[in-house]
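Two complexes come next, and they have one chain in common, chain A, joined by chain B in the first and chain C in the second.
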Partner chain A sequence: MRRRVPLTLCFIAGLFMAVQYFIPHHNVAAAYERLLLWLQTLLAFAFLLGTVSLVRVHYHKVRDRAPDRGFSIVMFVGLFLMLGLGFFHPSHHAPNSPFNRMFLSVQVPIEATMFSLLAFYVASAAFRAFRARTLEATLLLVAAAIVMLGRVPVGDMISGKIPEATRWILEVPNLAAKRGIMIGVGLGMMATALKIMLGIERAWMGGSD
Partner chain B sequence: MGLVAGVVSVAALFVCPVAAIAQEEVEAAFADSLPPLGPPTAVTATDTPNDRGNSINVTWELSDGDEAGMVTSYRVYRSAHPETGFVFAGRAWAGNAEYRDGAAPENEPTYYRVSATDAAGAESFSATSDPAVALPQWFNHERINVMIAAIIFVVAIVFFVAAARRGKDLFIRRLPGLDEVDNAVGRATEMGKPILYISGLSTVSDVATIAAINILGEVAKKTAEYNTRLIVPCADPIVMAVEQEVVKEAYAKVGRPESYNEDDVFYLTRSQFAYVAGVNGIMVRQRPATILYMGMFYAESLVLAETGSSVGSIQIAGTDAVTQLPFFITSCDYTLIGEELYAASAYLSREPVLLGGLKGQDTLKMLIAVGIIIATVVATLVAVGAIPYDFVTPLFITH
Partner chain C sequence: MASVTEFFEKFLLIDRRWIFLAIAIAVVIPFFLPLGLPVVVTPPVQRLYDAVDELEGGGSPLLLSIDYTPATSPELEPMSTALLRHAFGNGVRVIVMTLHPAGYGMAESAILAAAEEVGAEYGKDFVFLGFKPGTSAVILGLGVNISNVFPEDAYGTPLSEIPLMEGIRNYDDIPLLISLAGWSASEAWVYYAHQPYGQRVGGGVTAVMATDLYPYLDSGQLVGLLGGMRGAAEYEELIGQHGSGVRGMDSQSVIHILIIILIILGNLAYFVTRRQRKLAGEGT
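Let's turn to the complex of A and B:
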């Protein structure tokens, strides 16, 4: 019974989602849109779960005097400061409110910094990938060199054939590989959905027993 | 040279307004000499096929002034009566001969008129169309090919699952990345270091995330057997709740429920790069022996994988995000590409019914490959003129 109820609900919901794809009638479309709204509502409640988990984990670290508890203290300061500014400051919606300032002047730049680190990681990954130790790595190196040259004016200045080769690499072997992967992914998605609907795949609820 | 250009520019400032006034006069005189704008003709209204209702397609033949550039737009009017009560329904720009009225009343005869409108706002009305009734449809005929493919797919999967249940031996090719999971868990145990499992940034409604959760269940069984710590930072609270349950059940299943620590499967943040910062911090501080990336990843994939590489972890990735695959292939020791992610749970568990599902998937893939080969041959024959295009169109192109 403990497993039958979620399996039945999963089957009914999955079947409805599959069938509605073929039925454009507004009654069915309205039911589909309502289900999506339920998902939004569920997500709002789930954030409470997430916050509880976050607080509990870091509280335990501080309580147990874990070596990295300093980060947990910083997390608590940030969490309660933003909560306080958001809930109790009278004009937290105003552009110059402390809440907005904290968000725009602290979180946004920090996130931008993390994102910008990507450039350095691309360089280090490229350095490793382009070491021509194997045939595949050599092919990758040659293809990447052609594509990079073909995308900048200097490539065309060296030879008009470089942009053409770039286009061919991107539109023929690259696109064919991408489409092959996408077909496999599509079938894999359908198979996974079907296996879950039919109760064949039960790992998502802890296993088959 | 510069002085001459400057003088010309200054002169142009004075000359242009004069020229503009003259041009307006010429255009006004030209407009007076033009014949009146002809109306659009042959207005037809039909129910929009395969729709949810409340929609009618209106088509017409362009006004004779359209080609001469006299028409600015076509205004479409609807009414429940052929003679009176027409209200504005929408507009199509010049050169367009169709409009979809998405606010038509349902199950009621509706009449349409279309006017060609010129720059001055003068309208030239068409005759009233025959009535059309907006009806919702119960089946989208444009998706019949999808339905046929889906039915074949379901039949193939059910057939192979039934075969697996009867005890038929099913061959599955080796996936080195998944074979390595056992070694990776063993290595973590020997080193006394944890395993970090990252199930992507997507939500539980993403099939890739569900596949990642399925794999987590199998990985958790192995870590429970070896009594190795498994850390699972989550970017979505619903995914966290499901993963907590999956890991807890896995530990209970191998008889070690006491080893499960709820604090090891925790919520971090929904914010993409805050999540990256948090996970990178865990990597640098905990130095996990093994890191598994399974699920949907975005721009954070390389930052995560390169940090994992820098701390010396064995890294196994699996994603269906085509754009992130090159980054994982570059930075990780093993990468599951696309569909291998969905096969991983069956591969790790070796449950016959799950392997049957994989075989069904392969069967449809083979059919698609045969279809692509046939279509390629036919397209080539059409291109060289061996088969007439009109013969092929109804077979391969649906509208």
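Let's turn to the complex of A and C:
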């Protein structure tokens, strides 16, 4: 019974969401609207679940005096400070509120810095690992060089053929490969959805079977 | 020949901090000494520009979903700035929202800065709906009724009290939607807004993600696409207001050239040393 009820509900909801596209009736539209609201509410709980899980993991690290517990303490300070500023500060809605200022002055530069480090590592990795050892590697290397040049103004200056070649690479071989992958992924998603609806795939319910 | 091989062997073992230094110099110098390289507009950018340009001033609004996070903001913020300048410049009203929690601050700062620049009025020329979790559910929900998903704007005002939202119920009342994202949000808008509801969708994504969206561009599911900082620079060129997109193009040009030179030198060194090793092996 514990398994049959969620499986039945899953089947009915999945079937309804699939067939409602083909039934232009106001009652079906109303039920669809209601289901979407439930879905939004359910998805909002993912944040709560994530926060609880984060707190539990770091609480255990602090309690067990793990060697890197300092990071966990920083996490707690950041989490509760932002939660406090977001929930309890009287001007939390204002664009220049402490909550927003913390985000724009701390979070933005931290994330932008982390992401910008990629440029350094990509350059270093390209120098050390990008070798024309095989025909495939050579093709990849040549395509990468053309696209890199074609996506910056200096490519236009060197030759008008470089942006043209870039466009061809993006719109012909890239497109063909992407479409193949997307169709494969799409069919896989449909198969997985069917397996879940029919109760063949039950991992989403937790437990061992 | 032995000295050349020795040089290349040492070159292959170069301390990577020298590469980091070269990259840093290549990024920074063009900001102080601009090269002023010309930006040529590509068809995907032109198509998005045309779609925004067709919107009627004071008429149905543009829905701009600013779905990027701080990490990708250097590439995507120039896009939001250029798009908002274009829209406000044509008197087009704009509804801004985000599908990412970290996008809230990015969206708010972008829209407020652009509005201040042109003196756009909140509630009349633009509105900020804020963030709602549940990407697919939110996009599908907007197709039914916007006020189901966002009963209030980001500042707690009911949508029914906002003049701009008068007569705006769902996608039927929004002629164009643009998503700027450093993750799969633009694809989600295609899946859940264009396919079921026929909403016209445009996109702006990071350069590495642009290749993922070409299939949708080719099939007409995306009206246009801005790819990376180059896309932003092209849009700035089209609206005739150069900003950080065009400024960044000089640095990006130098960096790309530098990386290509590093790849060529790396390969040259690899093949010279390999050949020398083979010759040495045959000699013994």
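Operating definition for what follows: the second predicted complex is superposed on the first by the 169 of 209 C-alpha atoms of A that agree within 3 Å, B and C clash if a C-alpha of one lies under 4 Å from a C-alpha of the other, contacts with A are read in each partner's own complex, and residues count from 1 in each chain.
By definition in this document, a contact is a pair of C-beta atoms (placed from the backbone, for glycine too) under 8 Å apart; a residue touches a chain by one contact, two chains touch by 3 or more.
Quantities reported herein were computed from a predicted structural model and do not represent experimental measurements.
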Go through the superposed model and pick first if A:Val185 touches only chain B, second if only chain C, both, or neither. first
Touching A:Leu85, do we find chain B (first), chain C (second), both, or neither? neither
So, A:Val154: does it touch chain B (first), chain C (second), both, or neither? second
Check whether A:Leu104 is in contact with chain B, with chain C, with both or with neither, and answer first, second, both or neither. second
Partner chain in contact with A:Leu7 - chain B first, chain C second, else both or neither: neither
Applying the touch criterion given at the start, work out whether A:Ala203 contacts chain B, chain C, both or neither, answering first, second, both or neither. first
Per the contact definition in the header, classify A:Ala165: touching chain B only (first), chain C only (second), both, or neither. neither
Would you check which partner chain A:Phe115 touches, where first means chain B only, second means chain C only, and both and neither mean what they say? both
Identify the partner contact of A:Leu49: answer first if only chain B is touched, second if only chain C is, both if each is, neither if none is. first
Which parts of chain A are in contact with chain B and also with chain C? 21, 29, 39, 42-43, 46-47, 107, 110-111, 114-115, 122, 124, 126, 128, 178, 182
Spell out the residues on chain A that touch chain B in their complex, using ranges where they run on. 18, 21-27, 29, 39, 42-43, 46-51, 53-54, 56-57, 60, 68, 71, 107, 110-111, 114-115, 117-118, 121-122, 124-126, 128-129, 178, 181-185, 187-196, 198, 200-201, 203-209
Chain A residues touching chain C in their complex are 21, 29, 32-33, 36-37, 39-40, 42-44, 46-47, 93, 95, 100, 103-104, 107-112, 114-116, 119-120, 122-124, 126-128, 130-132, 141, 145, 148-149, 151-154, 156-157, 163, 167, 170-171, 174-175, 178-179, 182
Given the complex with chain A, which residues does chain C contribute to the contact? 12, 16, 19-20, 22-24, 27, 37-40, 42, 69-74, 101-102, 105-106, 108-109, 112, 132-134, 136-138, 140-141, 144-145, 148-149, 154-156, 196, 207, 210-212, 214-215, 218, 227-228, 230, 233, 249-250, 252-260, 262-263, 265-267, 270
Spell out the residues on chain B that touch chain A in their complex, using ranges where they run on. 50-54, 136-140, 143, 146-147, 150, 153-154, 157-158, 161, 203, 205, 207-208, 210-211, 213-218, 234, 236-238, 240-242, 245-246, 248-250, 252-253, 263, 266-274, 276-277, 281, 285, 299, 302-303, 305-306, 320, 322, 325, 327, 329-331, 337-339, 341-343, 345-346, 349, 351, 353-354, 357-358, 360-361, 364-365, 368
